[in-house]
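Down below are the structures I want you to see.
Both complexes below contain chain A, partnered by chain B and then by chain C.
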Partner chain A sequence: MTKLLIQNLSKQFAALVALDNISLELETNKIYGLIGPNGSGKTTLFNCISGVYKPSSGNITFAHHSIINMAPEKIAQLGIRRTFQTIRLSSELTVAENIYAGYHHYSKHNFIQALFNLKGYRQDEIHCWREVHRAAKLLDIEPHLRLKVKTLAYGIQRKVEIARAIISQPQLLVLDEPAAGMNESEKIELTHIIKQIQLQNITILIIEHDMHMISTLCDTVFVLNHGKLIASGSPTEILNNKQVISAYMGDEHA
Partner chain B sequence: MLNIFLQQLINALTYGSLIGFIALGYSLVYGILKLINFAHGHIVTFAIFITMSMLTQFLALHTLGFILALSLALIITIGVTIVLEIVAYRPLRRSNRLSLIVSALGAGMVIENAVMLIWGPNPRVFPDINFFQGTINLNGVVVSELNLFILFLNIVVMSILYLFINKSRTGIAIKALSLDYQTAQLMGVNINKIIVLVFVLGAILGSAGGILIGLTYKTISFNMGFEYGLKAFIAAIIGGIGSIPGAMLGGLIIGILQTLSAGYISSIWANVITYSLLILLLIVRPRGLLGQKDIEKV
Partner chain C sequence: MQVNKSIFIISLIICSIGFPFLANNIWLSIITTFLIYSALSLSQDLILGKAGIYAMGHAMFFGIGAYTFAILINTYNVNLFIAFMASGIISYCIGLIIIYPIKHLRGDYFLVVSLGLNIIFINIINNDPFGLTGGPNGIFAINFPSVGGLDLTGAKAIYFIALIFLSVMILLFYRLNYSKFGRAIYYLNHDHIAAKSVGIKPSLNKLLSFSLGTMLAGFTGAIYTLQYGAVSPEAFGIEQSILLFAVVIVGGQGSLIGVVAGSFVMFVLPEIFRSYAEYRLLVFGAAMVILMVIRPNGLFPSKFGFFQKRHLQQK
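Up next is the complex of A and B:
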């Protein structure tokens, strides 16, 4: 079943064409990779999907809603959550507090209930903590829940960001270079975690430079170069695609 | 001797609490928008005048009239605050910080002049209400019921606000996301709603302070927002801007310094003494008493 459909999407910044007539389709519960040299438009595409940028033309449909004119928070509420190339967490707050910021939209209690610790608040609180623990367990960061983010290693902070994105049970998780700055063993662990997330019925789209990780994880890989979609297919097909090799290595290697 | 000192202290704490209420408005808005809302003091003036009008209108109804007048005045002030946020701040949210400050200053002038046009340039007298008029004599120290109410309200408001920001999930979401609107939006938070909520909260606290100022000091004028606003702004900075207990603490410190230097040295020198001490304090502790690190300079 189609989860996200991108049709003829273009994004132009003044004279620069960042995305040029991109069309692609993501199906439910699969893992997709998005690769391409630096500046090829990968993050721009993520920003269009999550509503940060309004596309210049084309359409994006998610779960039968056209989302190109939606506010970012509405898109997030529909079930698209993402992480960022550079970590965006609140370093002064604890891991648990950061994770529950992602759940804000789902809290049902009001201020009065919270103030007087009424039933609605207590129930909501129990539910919320269960969700925080579920997300933390999946990412294997439960022991760090009460620690401030700034005291944690970079690899763990990356995982906190993913936990914040999945606490709301999104339908599409968009990961922007989740393994950047991680060492080999952390990358192996992350690969395992992403597979676990997929089992929660979540479609995943990953930007990643580590080809080993991409080929272990992804069902389908899309390749961008200069804003154009130059190839798509299984990881093996992509690794042997001449156009892709020339985009990365230069023409003489093709 | 001791009695006089205690009397002064009570007056100082009352005055400080009133400044503190207004300071909370600066601190809350700064905490989320990194904006010094220079229109805040004038919003407070507006709240005082509209409350005065409403009270005069409904005074015949006694307690019910007081509640009605207060509610109407608050609703109108909240309305003005929301319009201010939408018209003067929201369009500039992504622009240069300086444009926002200029916009805040301009909005402040507009409100101040509107107050002058509506209620006239001459000082007015805030109407009496039929409660909080008694005094309590504690061993020669006279405390008015209004003073007690102000101190009581101070503690209640501070506790509620502190719990709201630190314990409620909305509060935590505000804190977690206050530095970065874009991330907040991408996590499904309607940032416009939260920003309006913070402005409204600040306006309500400022109005409470303003109305109590009217009740305590009686004489009000269209340009009082400047003086009180400036003092409250300084209080917020002294306490550490962005910090809720800090705003109140800053207010109390200003109250104590002003009242005691006026009482024991000279009222002419009160401002000089107060602000010299505060400058010294900021030299020693630039981010304020309870301020957090990484505060940007404004």
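Up next is the complex of A and C:
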């Protein structure tokens, strides 16, 4: 079943064409990779999907809704959650409080209940706290829940960001370079975690430069170069594709 | 720790209730002023510290509340309670009307716009186009009706009104971090892109925090009118707005204790050292610079945490 459908998407910044007529299709419960040299438009595509940028033309359909003119918060509420290339967490808050942000929309108390600490509020808090625990457990960061984010290692902060994105059980998870800055053992752990996330019926789209990780994880890989979709297929097909090799290494290697 | 805290709070309550019966009228009036300005600074803090909206025209909403209250009572002989509610509600509506078209402005732009609006407001009340505000002299010798046989204009009565109002505001601010709204504005203030990516609505929360802040300022304005029995334009000018802005920055953005301490420093100390009036600004200027160098996050920086300890202990 098609989850996300992108049709003829283009994005132009003044004279620069960042995305040029891109069409792709994501199906339910699969892991997709998005690769390409620096500046090829990967993050621009992510920003168009999550509503940060308004595309110049084309259409994006998610679960039968056109999300092309939707505000980012509306798209998030529909079930698309993302992480960022540079970590965006509130460093003064604890890990638990950061993860909770992802569940904020689903917390059900009103201001009067919070003001007087009424029963409905207390039940809601306990429910939210359980959800935070569940997300933290999936990413194996439970021991850090009460620590401030700024005291933690980079790899753990990355996981906190992913936990914040998956706590609301989204239908599509968009990860922007999740393994950037991680060491080898952390990358292996992350690969395992992403597989676990897929088991929760979440479609995943990843930007990543680590080809090993992409080929172990992904069912289908899309390759962007200069804003154009130059190839798509299984990881083995992509690794042997001449156009892809020339985009990365230059024409003489192809 | 918990016991110490309760002892502190109980003694604070006893002291604040007992205070007007022991103090002389000068001190009573100074402390009442302090209570009113603390409430006002807290309402500015909701906008500036909690929601991160750089609005520097807060004295305008204080003035709208004060003038509404004065005009309703002086010109239209409205019931005291209704006039009080009206001053908050009118401030709220004007706040909403003002923020709505400029809600997308950020930081410095917002600051300039709000400062400009404050100047327009002062011009309006000075020029008195509707014959209501009394021009540069303001409205004075307001006769407040008694409410159910109680005279609310006595120094003690006003002290208690201000005390109750401030206590309600402190309760509101204390519980804000634990509420959905308080958390939303915290996330938006710290990283609005990340907050939007998890589904938190930016404009709704911005509108709400700004208009609630202006409503609280309006109520405070009404209490101010009640205390002085008069209103005049100079109490609501941009100097006041800048001072309020400074209170929040110096005290600590988003910090309850910080903002109350900041208003003590800014509004009460000058009264105590009135005899050294000519050195006042010099000392304050120097103190502010030193403070910003050694404690850049304010006197008492805010601590934020919103899972109550009880929840943290649960597995």
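Assume the second predicted complex is superposed on the first by the 254 of 254 C-alpha atoms of A that agree within 3 Å, B and C clash if a C-alpha of one lies under 4 Å from a C-alpha of the other, contacts with A are read in each partner's own complex, and residues count from 1 in each chain.
The criterion applied here is as follows: a residue touches a chain if its C-beta (ideal position, glycine included) is under 8 Å from a C-beta of that chain, and two chains touch if they have at least 3 such contacts.
Computed from a predicted structure; not experimentally measured.
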Handout entry: Side-by-side fit of chain B and chain C on chain A, or clash
Key = clash
Exercise for the section: Quick one: classify A:Lys159 as touching chain B (first), chain C (second), both or neither. Expected result: neither
Practice task
Go through the superposed model and pick first if A:Lys42 touches only chain B, second if only chain C, both, or neither.
Solution key: neither
Practice task
Look at A:Arg146 in the shared chain and tell me whether it touches chain B only, chain C only, both, or neither; answer first, second, both or neither.
Solution key: second
Practice task
May I ask you to decide whether A:Ser50 touches chain B, chain C, both, or neither, giving the answer as first, second, both or neither?
Solution key: both
Exercise for the section: Could you look at A:Lys187 and tell me whether it touches chain B, chain C, both or neither (first, second, both, neither)? Expected result: neither
Practice task
Kindly classify A:Trp129 by the partners it touches after superposition: chain B alone (first), chain C alone (second), both, or neither?
Solution key: second
Handout entry: Overlapping contact positions on chain A, where the chain C interface meets the chain B interface
Key = 50-52, 71-73, 76-77, 81-82, 84, 88, 90, 92-93, 97, 100-102, 104-105, 107, 109, 111, 114-115, 125, 164-165, 168
Handout entry: chain A-touching residues of chain B, taken from the complex the two chains share
Key = 160, 163-164, 167-170, 172-173, 175-177, 179-180, 182-191, 292
Fill in the blank from the handout: Seen from chain C, its contact residues with chain A in the complex are 171-172, 175, 178-184, 186-187, 190-191, 193-202, 304-308, 311-312, 314-315
Completion exercise
The answer for chain A against chain C in the complex is residues 50-52, 71-74, 76-77, 81-82, 84, 88-90, 92-94, 96-97, 100-102, 104-105, 107, 109-111, 114-115, 117, 121, 125-126, 129, 133, 146, 164-165, 168
Exercise for the section: Under the touch definition given earlier, write down the residues of chain A that touch chain B in their complex. Expected result: 50-52, 71-73, 76-77, 81-82, 84, 88, 90, 92-93, 97-98, 100-105, 107, 109, 111, 114-115, 124-125, 128, 164-165, 168
